[in-house]
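Going by the order they are written in, the chains are A, B, C and D; count residues from 1 in each one.
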């Protein structure tokens, strides 16, 4: 029943979801090797470059196929799927889509009831932060470590800088100095704000919810927190 | 019917809205040329100065006309329209009003249903941030780049500093040292806090709303996220 | 009717409210003169010291009288009025109480309907921030400007440092180095967090409320934002 | 009735709660002595090391006993009690559990009505921050003060650095330089975000609640804030 009602682009999306999920992992691994293996044998770097280009090509093809199948004008399609369009231009952001897929996989395979709302939002925003931070660190290391004035010498310096940026702490002991590095940092700040809002807002709401429930459930005898005790 | 009921100041506001919107764009462009073209031919700078003064004069006239038409005492009028009064004193903040106009134009011209609440708030706060940040960068560059102790040498340094300030990251590698530059930074911090709150609060609420809807719509079969599929 | 039912501590509080409000202004002015007039004639500093001590004594007397009148045990009284107890120990925090009084005065004198919820919270938190920031700047300047390693040489440096701290931007170009200066900064950070939360949370909620109302009020004709037009 | 229905792990948890609470205090004290007494007689350090190891061993035994008593598979048990599992690996985080116990003790002993929701959340998050900050400062001092390039020479430097990190101010005058110190800082940032969200969110909600109640309670006569006055 459901399959008949499904439009062609829905079928395409359902079938390509998992392969593209693995392709995005391969892309990320390839990009990481390409960026980090600057002292390694040049063969590895060439292989990584090819892998990056091939997977990127896959994403572009996927985007174009979905554009055609949707039957919409390009401008309207991009308006509706702006995150996908952004991902085609900057495939290191692909991980953001990954999280969605991960959520779908979990729902499909385990067949258990969904976790409650706030932990899911926190997981989503947290995973997005980790993947975005990893991509951002790779990019920042890539553009910064060749600049003699940059304090970013190793990949871990870039990770440290990205952590400061995403949490808006900003010590400033390790900060980008090149134009492209600063552009990446501004992008991370902007996303960091949103993720920060999502994480802190959800955590706060969730904590208040937990406290409220405890207050309601607890009788005057001050019963403990043992989950196994019958109530 | 509606036109008859309209008071004179509402007519004035409706008629001057678009011209003043373009005037504010011209003002911003003029100010940008005035500030950034410090190495250019002096003719350009003089033209830009004239443009800035003329458009500023327009804003003052508009404010006075609306004050007279409203029939209110000046103090009460300023109390009700404090943002407009602020804009007359610091026309670089005019962009904040621009955003409101942009919203009105969109609603009038496209005649499509309004977007849902949170994306609109995010768009409003985001556009405000961008315009405020651009104005702030111009101002900060204007007052800082002539100081020999200032780390702000180019316009992009000022933009980098403003981005750090609005997102409250504050690396501190590029920070204002002059009194006027610090005043601008404090203003940006204050507005940044508000915009930060609006953006993160809305994004968080919106994300939670999206997750809640997904949780409600999804049956136990774990249906995908294809927007074309009938439900 | 009301006066008969009033307990004695309520009468005391009502009668001392305004005098103590002015006393707290005098205290702040005296402390400011004491701290800032380090190059002035020593007579002024002595006068300021006396003013500070006398007003401080008034606050202590007021606290003790209220403690006795309440008929509560000291520990319980302090638990209920912990902000007042804190204010007796650190009278520079007295301004926080000022804001409450200001609110009461406004409600009494002007007899106009209270402003709506969020603007009042923003006003409250904003005024608290300004007064707390002023007190904090005075204290930080007081303890830092004599240290040779401190980057805080003038009162404005302290203000700049406090602004960075309260908004959690933290450039770090001007940061306290003495133990007492850092203690003040930690206090400001802690209060800053709370005020930040109050301001951004309220601003966000208020903005969302405004957008929601606009969306509800607006017909399909896209009526403008003229406050004078009948609806 | 209740005791009969209690499962064996609930009994265990109820009986070990207080002893383990004191054990965690001893652990923290022992770790503090171990870290801070680097110039003291080596006997003290050895005693402290033994105390730390013994209490750690107690926590591990407690965890294993609860795992066996619960009758669950280890993986599922860890999933349900991930905070406890984390605490076994990093016992300096044990304080987080302490707070929960403190809440339970207060509810049991004093037998007074629970405080309202938001102050409790603020107390919880605030105490967590203080204990986490203390543990983090110990850890950061431990790993940083031996590095010649580190700006952290004394325990108070570490406390200052941790305060900057938890509040996301991040001046950067004192920032960790070693890999382990930065790892601790990233952990503090992550927890800081959550606690920040909980504190600011609760404070904001609480303040708005207070203002709303005041607005509802106050008649047009502008009655004061005396808690003793009958209404």
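Just so we're on the same page, a contact is a pair of C-beta atoms (placed from the backbone, for glycine too) under 8 Å apart; a residue touches a chain by one contact, two chains touch by 3 or more.
These figures come from a predicted structure and were not determined experimentally.
> Could you compare the number of C-beta pairs in contact for A-D with that for B-D and name the larger?
Greater number of contacting C-beta pairs: A-D.
> Looking only at residue numbers at the subunit C/subunit D interface, is the share used by both copies over half or under half? Answer same or different.
Here the answer is different, because the shared fraction of interface numbers falls below one half.
> Please pick, from A-C, A-B or B-D, the pair whose interface repeats that of B-C, with more than half of the contact pairs identical by residue number.
So the equivalent interface, with over half the same contact pairs, is A-B.
> Let me check something: if the centre of a chain is the mean of its CA atoms, which chain is farthest from subunit A?
Centre of mass proxy via C-alpha means gives C as farthest from subunit A.
> Distance between subunit B and subunit D based on Cα centroids, please, to the nearest Å.
Whole-Å distance between the two chain centres: 42.
> So, what's the distance in Å between the C-alpha centres of subunit D and subunit A?
30
> Specify, in ascending order, the residues of subunit A that touch 2 or more different other chains.
Residues 164, 168-172, 196, 200-202, 205.
> Can you check the complex and tell me which residues of subunit C touch subunit B?
For subunit C paired with subunit B, touching residues are 156, 160, 163-164, 167-173, 196, 199-205, 207-208, 211-212, 215, 218, 220-230.
> Note which residues of subunit D are touching subunit B in the complex, please.
168-172
> Tell me, which parts of subunit C touch subunit D in their complex?
2, 5-7, 9-10, 13-14, 17, 70, 80, 100, 104, 107-108, 114, 117-118, 120-121, 124-125, 164-165, 168-172, 175, 177, 179, 182, 185-186, 189-190, 192-194, 196-198, 200-202, 205
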